[in-house]
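Structures follow.
Below, chain A partners chain B and then partners chain C, in two separate complexes.
Now for the complex of A and B:
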């Protein structure tokens, strides 16, 4: 374990390695609630070869390696549980290639969603990708790694479903291509028609390798977007409302929110429906179809379309939506965290009632959101709380509320999304033992020393 | 405690039944109209209570001093007949809830009321308003709450409006210029109709603009444009103010195009129809309304209500018509540039 700092400096250059206390302090935490653990070194590689060098050295020395994008996944996934090296991917932010006609782009492992967005805006205005509502600094590779969801998720599923190929540095330091790019120069598929090995990496939080390149699918970008909000006073109507809207296949995306403040939103549930089209006529036709799909609710007075003012419309149409970040600081003091299980839509009423109950029980400011995944195949329901970081009691209450929310979601058939290490343990305990054994077999084979983001998906 | 003043005898002797005969959303002859309104007054069931789309127009159609639409509203509430989806009503009731976030300028004897719409601060600038600004107020505490007649809900008005009257009175103003029809109507029509005393003088901003333009007439350069006017539902509650509109247009050199849907026949912006009844009625009314503007050569659509402006702006722009608030148009006529905030 001698001279690690120097050996890292040999690989990435003196400027891009640090073991300074202030850097280790910063890299030991994320904006969520998990306790900090400081790394021993931080490196910022620029090339695939440098990453291979880092991983090989770490392998030889048995040092943990934690890849990190923007570090904003909130659930402690970049906190180096056993110290070691944090590999900050931000310098690997190039757009490697794009195939316009086949609608995919290849980006490096640290390319931010903001950068890709700006690139497409400028060079390929007829193409788009699925942008999550996280800040623009968050990375494409991390987002597919954690099965994120963004715009278009209602049409095409999780962001990981939109992957079209991967290049990964394995825990051995070897470089491996996954998908069509394994036998061709084209990155159009992450698996089919070959065996789909992307599952050896996606969802593993870097515990089986570091993504150095990701191919992701691009989609037609229509000239116009618009938004409408259907409101109902009872969560019990939501599953049926979503079923009807998704049946039309007319929408870009569907989100749901409920929150007690500001007063305009109090006691109602808001189904935010996004539309796209290349002409006013196209959008109008889509809207008309969706409005009519909800006629029965309107006639029975169970729900209706609210007027959306110009200001609200503008903020809802932003990509990413900044109001997610604004809410994150409602309590002031910069704390924001959510438990966001993936769960079937029929559980919406239960989840929202539980959220209400938890917010009252623990006296917290809350916000319930759901993002529809696929044509109503599932949703991400976020039990979100904001808190003041300097208020220890509030931190404790938030932790308890989140823990209870997670347990509840699991008990009613939900599956954790980007779970904390504690939640991963809960999931491993509950899951089919053969599935857990398979996970273990994969992890042990790929990473026998357990150096890659240790703690994650580790079963006894 | 606040009961609607409604004189059944006026209806019994009414020569026209105009309130419902002229209704654009129901087909009733004179006898049926009178019978239904009397039925409603007497607390009986009436299809009108279900079918009325709350366009407010019968308040204008009745020229005999009765309040047919306030009556319909009151009876709907008595009978628990909902007009809008519950969530929409709830949302509106929440919007009007006082929040302690009101704003009061440097109040003098005369003041402008913006209701709860801060956007008026952006347009009440320049010479037209120099004799009153910065004497203004807005916020939920000063919100007239009249909009709840769309939702068959008079009790929230009866509960909140007396407090609003007191708030305004406590400012020490003698005369209030209301920038929104509904607010003016609250103190000029609805409040008095329900027996409320109003301790200040209410002036509609049409009258205010007319008087100011007369004072500033040397500055006026005729705009020489063709425009359609989008008359809002709430102007039906204070229909005597409508007479100022053609006069003002004349003063500033705007040619109001002749339309099918003007004056008493004006059509709603569609916003509230959409929220209450869904797609078809709103789409039909908007289409007829906008076709009528373009068919008659309007270059501008003049708005008097920000709600209408929000609901129609994109649609009229797509048809090549420019949206403009009446205040902005008057400011343009005296050489100001409202877009630059000059």
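Now for the complex of A and C:
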């Protein structure tokens, strides 16, 4: 394999391939706590043909290939477990096409959510997509690949539910279009009315192919946005509160957070409710409807709306929320990670108590966040711990706390979101054996040599 | 290493490499190389790895560290509270490499030129004031201001052209100022940013002593890089002077209506020098001058002011060229930004930017479509007289 570097350079150009120690160091880890594994090469392709060339060569040589966006999953999904080639997708960042009336956009596989958001702001101010709170560098394709969630998730489900078509380089190097774009020039559906094959790729973390283009549904962008916070000191009320709010169908998004610091937040659960409207009247109507839905809690003194200052409001309305990243600096240590199971909302009280218990047990700073998915169909509950990267003991405690949180979430019916390799193993052990067998069958058929992001969704 | 207690705090979230609307990558070295290792987050993680002994001081590591243009865009856009120290951290890491003796040859040669000849062009000191021949500027002799020209203004052809234009305009405007001529020596801004702290201190102390001996209290700089050193670094070494950039002087003359202009019909876009803009916070003065000239239509590039895209010359790269070369070199990208506005003239207020961008118009083959002009040159071409 001595000439692999040269062959990669022939495909992507000398400048865009590296086997230097510095690049292998950086691309061998992510900001989370999963152990580093260095790749052997890092490549930065610019075209679909280059990706096909890389994959075909890797297929011939049996070399692992790991596609990477911004590498911000925190759960190590782009750490090349068996070395090989890391394919940094970010040079493929063009916005290929947009259909304004049909409300979808097609972006290349390395386009960042920040870039797409800026593009829509400037060119199509009446359109938006479900922007996640991960950093703006996060790529659209990676976000849907991991079933990310965003500002429109409460209305339309996981961001992957909003995919309207895919173009994928298969492990064979062949190029395949998924959805309506397979038989039409239009990218309005990832599946229906055809068999929905997007599931062969979404949620697989690149283990079945590399997304080179993604169609994303766009939604009406209202002129105004606002945010209010309903506070209760008992987590037991949260499921009912969410049930009432989602019944109104008046909100853009609903998140819940709890954290011990600063002290004004301690022992409370904050239901952050986002509103949109094309006029003040529309926003007011929506707010009033939601306020009325919570009358009972207010009358019983079980909760109430807190005053949201201008600074806090600005921060909450920001998209993406930059302060989501700054949680990493609470211990002046540059890190945080969370176990984020998808789970039913009635489990909120248990989850939040477990989070508190784990934080005390392992002496860690924490932040609990729940994002409502659909009309209360589920939530993503993040057991988040911040850590100091230079404190080995704290890293160890954080790993233990996260592992325990994952075990707990699984035991009460949760399903891991963007699971680490360890969580994937736990999930594979617990899942219906026939489901696991089906996963293996799909993987084996698509990728018989097992070169695509190996280690992920692999059962023995 | 100084700041070693901070480097582990980078989350590598990547906000640092963007413009504030996230439309474009604004870190010039990341924009060129496209490996995350060349972004500020990459540098932070690699510096930590190097300090921990996980990687070595290799040619690649040096290229990664010394390709930083110290443009300050990361400082502007980082999400964390330690953002103000980002460039300082990169400079401190360079200092460590310099102290270890393992640095890129181009950096070593730059230091040699400065330490032996007092300038990176390896030209004799007596030639330093040659640019002033044929102008009416005098040697400093108790004038109100010292006009400090710097190495680029003294030896680079475009820099000399700019120095002549600015000195002519300011003299014509009645500003009392003189130059040091062959007594002038390097301000040290790039020496410091390339990590030679000892050489910088020696240059700064020499300058401070000379300025004090000559009774200099006020300084007008041609080069924003010198402005930065004099304003931010010299005070710590006992050099407290009133320092302003020449565009600030001109802007004040415009504001007081002390100068007037002939029409200058042109579409002009303005490139913010990182050291005048992000480092010294001056965005308005150059624009107020251009807006005051009748006939100029000032068109902004999308990446302007705090989001301005560096020409790639900062952090010593003007001299070492570690960041240069290829179609993705920052100067060529910046020229394309300017062309996209439809402007005929790309105005600058820094001799280093002027040289970088003028060279880039030639490489791009657009020197006939886009003229690079320093604001001093534009003013000198349309200044009609004084309202006094």
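Simple rule for what comes next: the second predicted complex is superposed on the first by the 460 of 460 C-alpha atoms of A that agree within 3 Å, B and C clash if a C-alpha of one lies under 4 Å from a C-alpha of the other, contacts with A are read in each partner's own complex, and residues count from 1 in each chain.
The working rule: a contact is a pair of C-beta atoms (placed from the backbone, for glycine too) under 8 Å apart; a residue touches a chain by one contact, two chains touch by 3 or more.
Remember, predicted model here, so these are calculated numbers, not experimental data.
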Superposition on chain A - do chain B and chain C clash or fit: fit
Chain C versus chain B, contacts on chain A by residue: C
Contacts of A:306 with chain B and chain C, given as first, second, both or neither: first
Touching partner for A:314 - first (chain B), second (chain C), both, neither: neither
Touched partner set for A:126, first chain B, second chain C, both or neither: neither
Chain B versus chain C as contact partner of A:267, first or second or both or neither: first
Chain B versus chain C as contact partner of A:16, first or second or both or neither: second
Partner chain(s) touched by A:377 [first = chain B, second = chain C, both, neither]: neither
Contacts of A:297 with chain B and chain C, given as first, second, both or neither: first
Partner chain in contact with A:430 - chain B first, chain C second, else both or neither: neither
Superposed arrangement (fit on chain A Cα atoms) - minimum chain B/chain C Cα distance in Å: 16
Interfacial residue positions of chain B with respect to chain A in the complex: 82, 84-88, 90-91, 94-95, 97, 99, 271, 274-279, 283, 307, 310-311, 313, 318
Chain C contact footprint on chain A (complex, rising order): 15-16, 18, 20-23, 25-27, 31, 42, 44, 70-72, 88, 90-91, 112, 114-115, 117-119, 121-122, 135-137, 322-323, 325-326, 328-329, 332-336, 388-390
Residues on chain A engaged by chain B in the complex (per definition of touch): 231-233, 263-269, 280, 287-288, 291-292, 294-295, 297-299, 301-307, 309-310
Chain C - residues contacting chain A, complex: 8-15, 17-18, 21-24, 33-37, 42, 45-46, 49, 54-56, 58, 60-61, 64, 79-82, 326
